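Working notes for the structure below.
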Amino acid sequence: MVLTRTADQKALKLQRQGRLGTYAPSQGHEACQVGAAFGLRAEDWIFPYFRDLGLYLTIGFPLASYFHYWMGNEAGLISPPGLNLYPLSITVAAQIPQATGAGMAANYLKKSLAVLATCGDGATSEGDFHEGLNFAGVFRTPNVFVCYDNQWAISTPRSRQTASATIAQKALAYGIPGIQVDGNDVLAVLAAVGEGLERARKRKGPSFVEAMTYRMGHHTTSDDATRYRDEAEVKTWESRDPLTRFRVYLKGKGVWDEAFERVVTEKASADVEAAVAEAEAKPAGAPEEIFAWTFKELPPRLAGQLAELKEFLREAGR
Amino acid sequence: MVLTRTADQKALKLQRQGRLGTYAPSQGHEACQVGAAFGLRAEDWIFPYFRDLGLYLTIGFPLASYFHYWMGNEAGLISPPGLNLYPLSITVAAQIPQATGAGMAANYLKKSLAVLATCGDGATSEGDFHEGLNFAGVFRTPNVFVCYDNQWAISTPRSRQTASATIAQKALAYGIPGIQVDGNDVLAVLAAVGEGLERARKRKGPSFVEAMTYRMGHHTTSDDATRYRDEAEVKTWESRDPLTRFRVYLKGKGVWDEAFERVVTEKASADVEAAVAEAEAKPAGAPEEIFAWTFKELPPRLAGQLAELKEFLREAGR
Amino acid sequence: MMLNMVQALNQALEQEMERDPRVVVLGEDVGVDGGVFRVTEGLYGKFGGERVIDTPLAESGIIGAAIGMTALGLRPVAEIQFMGFIYPAFNQILSHAARLRNRTRGRFPAPLTIRAPYGAGLKALEHHSESTEALFCQIPGLTVVVPSSPAEAKGLLLAAIRADDPVLFLEPSRLYRAEKEDVPEILTELPLRKARIIRDGHDLTVVAWGAMIPAALKAAESAAGSGVSAEILDLRTLSPFDEEAVLASVGRTGRALIVHEAPRQCGLGAELAAVIAEKSLLKLEAPILRVSGPDITIPLPKAENLYYVGAERIARGIRRLMEF
Amino acid sequence: MMLNMVQALNQALEQEMERDPRVVVLGEDVGVDGGVFRVTEGLYGKFGGERVIDTPLAESGIIGAAIGMTALGLRPVAEIQFMGFIYPAFNQILSHAARLRNRTRGRFPAPLTIRAPYGAGLKALEHHSESTEALFCQIPGLTVVVPSSPAEAKGLLLAAIRADDPVLFLEPSRLYRAEKEDVPEILTELPLRKARIIRDGHDLTVVAWGAMIPAALKAAESAAGSGVSAEILDLRTLSPFDEEAVLASVGRTGRALIVHEAPRQCGLGAELAAVIAEKSLLKLEAPILRVSGPDITIPLPKAENLYYVGAERIARGIRRLMEF
């Protein structure tokens, strides 16, 4: 969680400096992202959304790749071999039926694994959310769907997103058990999602977790949340900071002290700086690179367009 | 209901004779269609689906037009002046958000009216069902959504359409009250829908009714239901025929006798025959007719294509 | 064996499922019912319900699920019941299936096949006669294939399923049971991205696909009676299409007639005409003509014949082109 | 008053809402937030939340609801936040909005306007730079409009809202704040379906729209330095487009260069080329060329410049066309 917070703040700084593009900050979501990911095993699959930094870091996705993507290069979406991480979905809720399909495949292949999908509260209004969850219920797929209910979808408050009393109860429309947990309590999220993952691995069907949290920052760096929400509300949630809460818990257990904090913080900073350096050292896309991955084999017409582009660049002296 | 049954059987006969195209029969749905429509008032709006003959007849839509549409002419979809009936939706569930939008318009215009939308159980799996109901909950629209839960979406049984215990409970995901009623009991449907219509007119928000019924016939005349469902199941539901049930009820109340039945039946037959004659007398579409309604004013390019078509027909001696 | 197109497609599915355990079939009514056109008939009984999957009524869910299946290495064949019902899945197709290879630099391609009947001529209900293939031909990463006969259907479907790219496989419903053809029991896939000349000629080139092929053949026969020699090119793969074959044939004949039943504006005929106009202009002896449906929604059955493109209209196009 | 395009659009909406109580605005973040590009800024405060409606996150729901509003006589203006997010609503647009007039023989037309920013150049996230206007130009019954300057934006948006047909109004996001222009406070609508010549010339015709117009003007200026006189036609309404104006201009100049930032294959440029090739072939002195994005998904910001069509590429197209 400390690494997530540190990397997130660095991304915001890089964005302001023009070194990283439009960015969707994760502050406030550390507990639900880390808690959702912590119980995953190597054979499980993950279908994340676009605000999932803590999840990426928890499962061992290289931070340098994450930065690379948000700096504006598709190559940053490549999951390392062995990591069953599908690329994050920017189009809202499209990952939900995809995750269900992965679960259907697991059933067909008789694999004992879990498929995790995450989304925000805004995603629950999309048709794809509905269709994906309904399939999961009908086919009893090994899915765990986690909704980070962070109270705001850009400027739309949770209360105007749906008239449902809770997001969790939406699961009942699909014959899926749903639970609401404190999304700023990393252990609560871990427990709820972990239970779902176990159910999935035992082929007992899908489950749904609503993790109540708060988007502390703007929707993205292009957004200005002060236009539509109350500073007092933000302050209230500040006092529920997931990092602070876990620190207090660890302190109570006697496993936290300031030296530990210092070590963790310094390690995080060093890791983040190294990742930034690595990401920035990666080459920008070349003409071949942007053409190479449309089809498995480059069709002649595309080859012609690539040649046209290279000729243009040569003529233009670039 | 007798008229509906008579017209429906006639449509099937016409289809077999090649006088009417692919047709979606209504047998078994008479009580829920008539019950859903009976409480409507002139100022209300209706967004029906493609298996709604009883609804059409109850609100006074000309049977000749209904036949005309299914004989293969768009002109049959025209609602007479003053009848607030939107054209039936063939694409499944698309009418749901449209009906909600009509409800939002009623709110904005401060009109006291209700907006009825109907669909089958299959439609509840579509994204549009979800998006439309969610909007209705959020905007507290004056909608009544009626699902004719007829157990089969072509070959998919209700149990494989969704793992939800009932369709009615899906409404809870949108903060909308949902009720399940016996869809073969016309008075039960009328009562439940009527209550919803009253709520709507009093601007107390939307409601949802699941009417449990059975599709006695094939999905359409292109379908063969014996391939996928048990004759015994059909037999069970035959014994629950909505017409028989209402007849028994009326008899118990002392308002039914055989003379009455004869009068009703004869009137229905005569009306149906007249409607068929009227529909068959209508002209088939002319070239101008199929071009006239794409835009309000015919663009020059379309005018050119119309001229091209007419020239072709002339040359071909047609 | 003499098979119609439905039988040929069915055989392709069955044989490929026997050969490759990664192939699964999903869609509305594809299982117990065997598909509304019976293309998947018998598969449910043979391969079971976890492999021939009757889904709820949700097109975006079907395509989304098929995409997710590819993550675990499957090769799903998803059926959309009619092309007119594919649009709710448009986002999953355009923004996801077609882009996954590019988005992940090859790490997660999405080798799924989407089958859908398309086209007019069955005198069907609204939305059941759509021919909107061009909408899919502007989607980078998506391969669009249309067969024109039973044997072609079998060989191209095998190729589509085996392709490592997502394929939209459009089946001309008018040809489903129109004719039988000798379809080899053992047939490997036919090549994607390759057009074929199905009739040699030297006066003009007719470029067509799907149900327009038998109609074009008929028109060419009637033109032959007037001494006109028409070459017919069956495009087969609509995107990425075989530009070389188109330009070579038009270069030889000097005249191009493009035929499709889709509306004219922004149909694939426009792209073909544009390519010819850019690259073979000096070889043309006449304007490039298109015979197509008009830019209107296809009418309901009573007036469908006013819309539908058949041999007569193609023959007229040939005459007009030769008279220029 | 000197306004940028965002301000001009905002003024059009505000004035039209004042003039016509049937006009309502709906979409994601259009209310309290004033739209992610601020096009609807201030409207919520002025007209209230039942008329400037913040909707849940559901594009099909937004368009479906807008359609339903037209049933009761309203004239909704629906915003889709970015063109790349419009696809979930494709079925509501293609199968419903665009067809209602035809389906009901004029009884229920659907006079709604769908606004969406589109196009590249903002170095944005995935799906935020789409330019897929051609997908919508094959839909019978749908009018597609793209403005190229602040005053055009105001006049054309007024026309779109007042039109009795559904209109897809695409706003080139690159031009939102690019330049200010004197926009009359009192402005009636500009005509739909009419192209305009924004630069006279006699050597070749450049047909373009949206953000390509300022780029084409720049390219024409640089070509003028080499003695080439380029005419520039701003198409404005992409469908149904002003064929007469295109053919008239190309007939005069004898050369056609079509410019769009969308992928080339099946872009609107293909249709324009096909029409010219069919109807003005004998007037052509050179092949019809297209300058466009390549047939790939637009790259993320680091390589976006390799995709993007600007003045330099257009100038090169002009040179190539003149050298033929």
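To keep things simple, chains are lettered A, B, C and D as they appear, and every chain counts its residues starting from 1.
Operating definition for what follows: a contact is a pair of C-beta atoms (placed from the backbone, for glycine too) under 8 Å apart; a residue touches a chain by one contact, two chains touch by 3 or more.
Keep in mind that what you see is a predicted model, and the values were worked out from it rather than measured.
Enquirer: Can you list every chain in contact with both chain A and chain C?
Expert: Shared contacts of chain A and chain C: B, D.
Enquirer: Taking each chain's centre as the mean position of its Cα atoms, how many Å separate chain B from chain D?
Expert: Centre-to-centre distance between chain B and chain D: 38 Å.
Enquirer: Could you tell me the distance, in whole angstrom, between the mean C-alpha positions of chain B and chain C?
Expert: It comes to 34 Å between the two C-alpha centres.
Enquirer: Give me the residues of chain A that touch two or more other chains.
Expert: Residue numbers touching two or more other chains: 74, 91, 125-128, 130-131, 134, 138, 160-162, 294, 301-302.
Enquirer: Send over the residues of chain D in touch with two or more other chains.
Expert: In chain D, 55-56, 58, 60-61, 84, 87-88, 91, 95, 102-103, 126-127, 140-141, 240, 265, 295-297 touch at least two other chains.
Enquirer: What graph shape do the protein chains here make by touch: line, ring, star, complete or other?
Expert: Its topology is that of a complete graph.
Enquirer: Can you name the residues of chain B that touch chain C in the complex?
Expert: 21-22, 69, 71-74, 90-92, 122-123, 125-128, 153-156, 160-162, 220, 222-223, 227-228, 284-287, 289-291, 294, 301-302, 305-306, 308-309, 312-313, 315-316
Enquirer: How about chain A: which of its residues touch chain B in the complex?
Expert: Per the touch definition, chain A meets chain B at residues 125-131, 134, 137-138, 140, 160-165, 169-170, 172-176.
Enquirer: Mind listing the chain B positions that touch chain D in their complex?
Expert: Touching chain D from chain B are residues 45, 47, 74-75, 77-79, 84, 86-87, 89, 91, 94, 96-109, 111, 115, 127-128, 131-132, 134-135, 138-139, 293-296, 299-302.
Enquirer: Help me check something: in the complex, which residues belonging to chain D touch chain C?
Expert: Checking each residue of chain D against chain C gives 60, 84, 87-88, 90-91, 94-95, 98-99, 102-103, 126-127, 132, 134-135, 137-138, 140-141, 239-240, 262-263, 265-271, 273-274, 276-279, 281, 284, 286-290, 295-297.
Enquirer: Which of the residues in chain C end up touching chain A in this complex?
Expert: 24, 26, 50-51, 53, 55-56, 58, 60-61, 63-69, 71-74, 76, 88, 91-92, 95-96, 100-109, 140-141, 143, 163-165, 193, 240-241, 243-244
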